[in-house]
Every structure is written in C-alpha cells, then in structure tokens.
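The following blocks contain the structures, represented as structure tokens.
Heads up, the next two complexes both have chain A, just with different partners, chain B and then chain C.
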Partner chain A sequence: MDLYVAAFGFGLVGMSVIAIAAVGFTMQFGITNMINLAYGEVMISSAYVAYYLNKAGITIWVGMIAGAVFGAVFSFLLNRVVYAPFLRRGTSHIGMVIVSLAVSLMVANLLLPIVGYYSVSYQDTTGGLIRAGGIVLTTNQIAIIGVAVVLMLLIHGLLRYTRLGKAMRATAANPTLARNCGIPTGRVIDAVWLITGALCGLAGVVAAMNSDSFAIANGAGFLITALAAAVLGGAGQPYGAMIGAVIIGMVTELSAAAWSPEYKEVVAFGILVLVMVLRPQGLLAKRGALAAAG
Partner chain B sequence: MSDSLTRVEARPAPSLQALDITSGYGGVPVIRDVSISVGPREVVAIIGPNGAGKSTLLKSLVGILRLDAGRILLGADDVTGRSPEELARRGVGYVPQVNDIFEPLTVLENLEMGGYLLNARQVKERVGEVGAVFPQLPPMLARRADKLSGGERKMLAIARVLMLDPDILILDEPTANLSPKLADSLLREQVRRLAGLGKAVVLVEQRARAALQIADWTSVLVSGSVRLEGRPKELLDRQDFEELFLGAGTELAASDNSKLEEA
Partner chain C sequence: MNTYYATNLLVYAGVDIIACLALNMQFGVSGIVNFSFIVFQAVGAYTAAVLSLPPDSANGGFQIYFGGYQLPFPIPWIGGAAAGGLLSIPVGLVVLRRLRSDYQAIALLVLSIITNAVITNARPLLNGAAGLALVPPPFSDQIDPNTETYQFLYVGLTAICVVIVFVLVNRIVESPYGRTLRAMRERELAAMAIGKNPVQLKMTVFIVGGVIAGLSGAILVGFIQLWAPSVWLYPETIILFAAVIVGGRGNNIGAILGALLVPVGFEEVTRFIPTTIGPPGLIPALQWVAIGLLIIGFLWFRPEGVRPEPRHVFEGAAVREETG
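The block that comes next holds the complex of A and B.
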C-alpha cells in the first residue's frame, strides 16, 4: 500500500509537469490552429538554456525563468519567421503539420553538435525530503506542483477575466468576426505564441528537473506526452488538457507501482486509445475551441 | 409602407461608397464593376438571386476581401485595402449572415468583444444602452451564446455590432433562419429604427419584397453586376421589373409567401 501512496505523490508531480506542457500546446492549437510538432524541441532547448545557466552556478529557479523567456521568444519567432509566412500563402492544415515536423527535426539536429548526445542533469534539483503520510517528495518536486497550480490559476484568470484572454477566445472561435469587432487578431496571436511559448519553455525545465537526467532525444517524448494529455482532454481545450494531464500523470505513476515502470507509457497510451475509441472528440471537447468552462 | 413613398427625392451625401469594385476569391472575380453608395438615415437594400455576389459585395465593403479593382470611400477618405480592424475603428459595423457571434463565449462576453475598442467604463455603459434597445438580452447575459434561439442569436449579433455605435451598418441577410413574423419585425422595427437614428444601413435580403418595403434605395445584383437600381417604388412601378427579376431567377413572388419561405 505504501508503494501506491508514494506513487500517488509522484503522480502529483508528473501531472503538474504534463499540465504545464499540455496547456501550452493545446492553447497554441486552439487559438492559432497550429499543431506545432516542434513543441517538444522547444521544451528541450529551453531545458538546455536552464542547464547552461545552472552549470555556470546560477540557481535552477532563475534558470526556469530564463527557460520560460527563451521558450517565449523562440516560439514567437518560430511563428513569425516560419509558420506565419506559410499560412499567408495558404498552406493546408496537414502541410503546416509537416512544416512543424521539419522544424522539429531541424532544431534537434542543429542542437545536437552544440549540446552533444549524452545525458546531463541539473545541479541542485533535489532539495530536502518532505514526508506527509506515505508520500515522500523533495522540496523541489513540491515547488513544481506549486508552480503548476499557480500557472493553471493564472491561465484560468487570463482566459476568463482579462480583455486579452477573452480576445484570445474570440479569435479562436471566429477570427473573421473578431477582426470586424476591431480586435487586432495579429497581435492577439503574437501574444498567444509568447504566452504558450513561455509555458513550453517552463515545462521543459520542470520536466528536466523531474527526470534524473535528460538528453536531446527526450524532446520527442515530451511532445508525445503533452500531445496525449491535450488530445485526451479535447484538442484546443485548456481545461481539458489539465484533466488529461491529471489522468496521464497519475495513471503512469500508479501503473509503474502496480506493474513495472517500463510500461508507464504503454498504460498511458492505452488509456488514450481507449478514450479515443469511446469519445473521439476528447473528454471536454465541445463545439468551438476554448469554450468557457462549465 | 407609405414612408418610403413620401420621402424627399434627393439622396443624402454618401458616408460609404464603392466605386466600380471588382472582387472575388482566389483571383476569380465574383462581382464586377459594382458601384453602390449609402448615406446617413438611408437603408440601401441589395437584392438578387442566390450566387449573385451579394455577400461577396458586403465582404469587400468591410475589408474581409481584397479588391481586384475599384475604390472604397468612407466620406471623402479612400479606404481601399484597409483591414477590417481599421474599418471597424472608423465606424463600419458588419453582421455576417452566418458565424455572426462568438458561440463559445457568453452573451456578455460577446458584447464585450463587440466593444473591444472601448474602455471598461464605456463597455459597461454601452452594454446598458444596447440592453435597452434589445430588452430580451439583459436577462441572458451569463448564458453561452450557442444556447440562444435563432431570433435571440440575431439580436445578439446586431447588439454586438451596435456596441461601437457605428455610423455605417452592413447587414447580410439578418432575417435568414427567422420566422416570417420575426423577420418582418426585425426589418420594420429594428433596421428602420437604426436608420432613423442617423445610421447608414446596407442590407442584403433574400426576402425581396420585405426589403423593398423598408428600403430607400435598392440595387438589384445579378451575376455579379448591378442590373438595376433605384427607389423601390420606381422599381416596383416598372412594368418589366418582376419579369427582369424573375428572369434573373429570383423568387420575388415567392418571398412574399411565408409558407414557401419557411420551407
């Protein structure tokens, strides 16, 4: 039983990491209509930014902020320099997916000679141990949970209560009508890439913190997990992505305790496949992206 | 309606003019050399058969479609090629035929987005004012817009565009999907009243006869060109009008038949 309680604790951390990544990914898709397969590579690039700062003696918490800023700028430029010009020329949806896949491969291969193929890890990522009941977590893992909760509340507040957030939802629902209302949709989309890019970068750093070590090859795994949570919750739905993250994060850890850690991902994707068979639109999907919750 | 018969003959100075505009999709023109104008307190109805290019004309007027040729003037200013955002800032309001609201947003959020260019205090004031024009709306502000009935939805779409108090209103078939009774009251009461408040209204309508009854000026669009224009009374008095119109494939007679319309 203790094993399951401990796994529950790890599940809390895992779902926090996945939630940050999946919410960023799903918002990119929901508002800009872009399935950005380079998301995982932006995550891992940001993790390396934090790594080099950390290696230079800077605390990982500053590295986390640097990773978020890097992710924001990288994603913003990725859209402005690569995606937006293709979209302006009327590239099809599937064409854009291929473009983002190409970007993903290019980033991974450009990064390889810079960071090397071997695994690295952050210096001060453990912190002290904290026990509560059977749950044993490091202070840093608890901080990751805290960061995720704060970010989810901020995203909720942004989308529900701010002018920018409502303009994002309006742009997602009906971009032409948004422009007819005088909403500068170009600037709204820039803001979306900056905000989701920051989530992506931050997610990369916390994902790296939560692994013993990471390497360039982990980018693909980051993408797949974020994608799975986003699709499970209903693509384009931030609240759905949060629920998807909770399910995938928890199930993978509990199954690791019950069965074997090696089958973690098999179980997660088994659940994804099952949900897709029973409810192909995802758990929360409704008409129109970024629907109001509840 | 005798109203249109007794109105003075001179048309107002135009607030919006399209001069010989040609536009379409992907380089294929749908409308060719079309000129229309509308002034304050005036309702200009654009009628014509399906596929004549009525919606294309409106989309060109509000900046959604780029012109292949021609000019668009707002007062004396040339606004050809300006974005929909800029035209909205300059007082052009547009209600599309479909996708006319933000479905996943609440009614209040729809109105807030309609007033995006206003500050928070102004938005609050305008929501109150627009709510007074459409008393059905205030009790349902918290409801999701995709839960509204057809009539409520169109009210919201028009209320949304009124948030910015535009000088020029471009309405694409506002009565589509409404019952004949609701359609009639929308045209006679709301649209006519908005013109009465000093707005310039361009109206595309399938219900040709109903549109002719409230319009000050009518253009008949056939196959992408203005085939006929004039005051509704003059058009109706022309012996060949219905023939021309019916010859063009429009169901002028049928549009008066509510049973057919509902089908």
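The block that comes next holds the complex of A and C.
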C-alpha cells in the first residue's frame, strides 16, 4: 500500500510535467491546425540547452528559463522557415504531418553528433526530502508541481482575460472570420508559436529533471505522452489537455508501481488506443478527431 | 565486383522494391499514411524466423523465443505474409474506421514506436533487444548457404516475389478498383456519395499491403539470418516514404525507381565515405538528416516525384473537344 501512496506522489509530479507539455502541444494544434511531430525533439533540444548551462555551473532554474527561451525561438523559426511556407502553398494536413516528421528526424540527427548517444543528467542538488503521510518528494519535485500550477493559471488567464487570448480563441475557431474582423491572425500565430514553444522548452527541461537521465532517444517518448494527454482531453483544447495530463500522469505512475516502469509509455499508448476506439473526439472537444480533414 | 556484394545488393533492392510497391499502394494510391509500415515487415520477419528456427533450447539455449517449428521453405515465407495480413486487421479496425486522416497517421506512428519498445523490453517473447540470430535460410539443409550458387538461388527467389508483387499491385492499381481508390484519396466524401465504402476500401488496401510487407520481412530475414528491434525502428518507415515521394506517389514504376534511388542508393553511396570523419556516428546521423531534407525538398520543389502519377483522362472527352 505504501508503494501506491508513494506512486501517487510521483503521479502528482508526472502529471505536472505532462500538463506543461500537453497544453503547449494542444494549443499549437488547436490554433495553428498543425500537428507538430517535432515537438518531442524541440523538448529534448531545450533539455540539452539547460544541460550545457548546468554543466557550466549555472543553476538549473536559470537553465529552465533558458530552455523555455530556446524552445520559443526554435519553434518560432521552425514555423517561419518550414511550416508556414508549406501551409501558404496549401499543403494538406497529411502533407504537413509528413513534413513535421521529417523535421523531427532531422533535428534529432543534427543533435546526435553534438550531444552524443549517451544518457546525461543534471548536476544539481535535488534538494531535501519532504514527507507528507507516506508521500516522499524532493523539493525540486515540489517546485515542478508549483511551476506547473502557476503556468496553468497563467494560460487560463491568458486565454480568458487578455486581448491576445481572445484573438487566439477567435483564430482557432475560424481564421478567415477572425481576419475579416480585423484580428491580425499572422501575428497571433507568431505569438502562439512563441508561447507554445516556451511551454515546450520548459516542459523538456522539467521532464529531464524528473527522469534520472535523458538522451536524444527520449524525444519520441516525450512526444507520445504529450500526444496521449492532448488526444485524451480532446485535441486543441487546453483545458482538456490539463485533464488528460492528470489522468495520464497518475495512471502511468500507478502502473509503474504495480507493473514495471519500462512500460509507462505503453500504458499511455493503451489509454490513447482506448480513447481512439471509444471516444475519438476526446473528453472535451466538440469536433476533434472525427471531423473530416480539409 | 564481388559476387556476395552483388547478390547482397540485389536481395536488398528486391526487398525494398516489394516494400515500396506496397507502401505506394497504401500511401500513393489510396492516401493511407501508414507510418507503422515497418511493423508489418517486422512481424513477417519474426514469424518467418520462429517458423524456421529450431526450438529455443537449441544452440545451447542462448536466445529465448516462442515457437521454433523448423518448417521447410515455403511455409515461413507464407506464414510471414499471413502474419502481416493478420496484424493489419485489428490495427486497421482501430485506426481506419472513425479517425480523421492526420489522426490515423499519428496513431500509426505511435503504434510503431510502442511496438518496438514492447518487443525490446519483453525478452521472453522474441529475445528482446538482442533479437533473433542464426535464423536458418531456406533450403539450408539441402544447399550450403555460403556458396555462390545459393546466393544466386536466393536472388532468383527474391526476383520471383518481386514479379508476383508487381503484377498483383499493378492489377489492383490499374483496375477500376484502383480508380475507386484514387477517387477516395482525392475526395472521400465524393467517393462516398457515389456509393463507395471508404472504410472497406481502406481496410482491403491495408490488409493487402500488410501481407506484402510481411512477405518482404520474411525474405529479408531469410537472407540476413537475424532480426532485432534495432533494424525496424520507426525512421525505417520514413526512408520508405522518402522513396515513394521521390519516385512519384501513385506510380508503381516510380515506387521501384524510388526504392532503387533512396534506400539502396543511400546505403551504397555512403559506403564510400570514410567513417573516420568527425565524431563517431556523424555519417549515419547526417544520412538521416539527408533523408529528411530529401522529403522536404521534394515536397517543396517537386511534390509529384521523379515519375509523376499518369493522368487518367477519359479519351472520348478529348476527341469531342477537338472536333467541336
């Protein structure tokens, strides 16, 4: 029983990490209508940016901010240089998926000779242990939960109470109508890539902190968990992604306690398959996966 | 030129051609973005391996796997093809029925990554990350596999399969049925409106493609005699996609050309680059970067590929236009 209580604690951390990644992924998809399969590779690249700063003796919290900035700039450039030109040409959804997969392959393999094949980990004190009724977490893990909660509140505030958030929601709902209403959709989409890129970069650093070690090969796993949470909640729905993250994070950690940590991603995939069979539109979405691609 | 080098090249070319023809039928003609294609090749290879291997207590029991039936030649290949088809049924039923086309693609991609992770971690099933080795090649009890005669025999067997697959795929693609598939690819709603059932069409193409993919895996494993998770990672599917895109989507001759240019050509060209340049793993990594560039470059500059899909025009209409 103690094992499951401890796993519940890890689940809280896991869901925080997944929430940051999944909200970024789902907002990218919801507003720009682009399934960015290079998301996991951008995450891992940002984790490496923080790693090199950390190796130079800079604290991981600064590295986290650097990772977020890197992720934002990288995602922004990715859209400007590769995705946007293809979209302007009217490339189909499927064409864009293939393009983003090719980008993902290129990013991973450009990185490989630079960072090497071997797993690395951050050189930082993990902080003291905090115990609360069987749950044992490090202060770093508590801080990750805190970061995630603050970010979710910020996203909520952005979408609900700011002009930019309103413009984002309008662009997501109907880009042509939004443009006709005088919303500069081009600039809104730039902002979306910056914001979601920052979330992506930050999620990469946090995910790397939460695992013992990481390597390039982890990019695919990061993508799968973010994808599973986003699809479970209803793709394109930030609040859905938060709910999805809570479920995926908790279930994978509990399954790791009950079964084997090697199969965490398999469990996430199992949930993904169940959602696709039983409720392809996800928990919250009205359209989601069922609508015909344009 | 060394005989072994030549036969090796020919068998690989044959396997890649078979795979590209199947993928072209699924992706080029029918518009199904099968990102888990390599899984169907892998299941064919594993099936052929366990059908032809002796029980796992042989060879001192250094590897563990289920099965081990020691069956004679055509059965492992037929079994591999059948396994590819059988696996296509549940996967197709989950993925192809209700999901939007881009969701289908990502579901299949995730399936490919996860299947590989499961087989790598679950050692008792198919010997985990180490994979299966010493798979007996066909007829190895009658002819020594290390002779030149055998090498040419294998090339011949592969060639026969290439011809069979080419005739089969060509029949499907060039028939009224193929026209229906293209109609579905271009506009699914319109195809439905004239009474075509896209789910049924996609399932059929998915299963036939799975059978062919399974066969290609069986041929490959008989030749290289080993099969491990590291040879069917998901980027291998991307190479085949690059081949079909470069060759020309929807064109069978283009698929063959793509198979010769991309998977075969790349392997052969990079063979001549010394691997001592730069940090370890630089050349293979750059090879993948080049594959990515090739896909993006072709999609941007020449999306129709080297051999574009022939335009099927109703000739009567053209004649009337000229006279009128």
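Remarks
The rule is short, and it goes like this: the second predicted complex is superposed on the first by the 285 of 294 C-alpha atoms of A that agree within 3 Å, B and C clash if a C-alpha of one lies under 4 Å from a C-alpha of the other, contacts with A are read in each partner's own complex, and residues count from 1 in each chain.
Everything that follows uses one rule, which is that a contact is a pair of C-beta atoms (placed from the backbone, for glycine too) under 8 Å apart; a residue touches a chain by one contact, two chains touch by 3 or more.
Since the model is a prediction, treat every value here as computed from it, not as a measurement.
Applying the stated contact rule after C-alpha superposition, one finds that A:128 touches neither chain B nor chain C.
Of the two partner chains placed around the shared chain by superposition, chain C is the only one that A:117 touches, whereas chain B remains out of contact.
Within the superposed three-chain model, A:35 lies in touch with chain C and out of touch with chain B [touch as defined at top]. Of the two partner chains, neither chain B nor chain C is touched by A:57.
In the superposed three-chain model, the partner touching more residues of chain A is C, compared with the other of chain B and chain C. Once the two complexes are laid over each other on the shared chain, residue contacts for A:272 go to chain C alone; chain B is not touched. Residue contacts after overlaying the shared chain place A:105 against chain C, while chain B stays out of touching range.
Once the two complexes are overlaid on chain A, the chain A residues touched by chain B in the first and by chain C in the second are 289-292. On chain C, the positions that touch chain A within their shared complex are 31, 33, 35, 94-95, 98-103, 105-107, 109-111, 113-114, 117-118, 121, 188-189, 234-235, 238, 241, 245, 278-279, 281-282, 285-289, 291-293, 295-296, 299-300, 303. Within the complex, the chain A residues that touch chain C are 35, 37, 82, 85-86, 91, 93-99, 101-103, 105-106, 108-110, 112-113, 116-117, 220-221, 224, 227-228, 231, 235, 260, 262-263, 265-266, 269, 272-273, 276-277, 280, 289-293.
If you check the complex, the residues on chain A that touch chain B are 163, 166-167, 169-170, 172-174, 176-185, 286-292.
By the touch criterion given at the top, residues 62-64, 83-85, 88-89, 93-94, 96, 99-106, 109, 112-114, 116-117, 144, 146, 160, 164 of chain B touch chain A in their complex.
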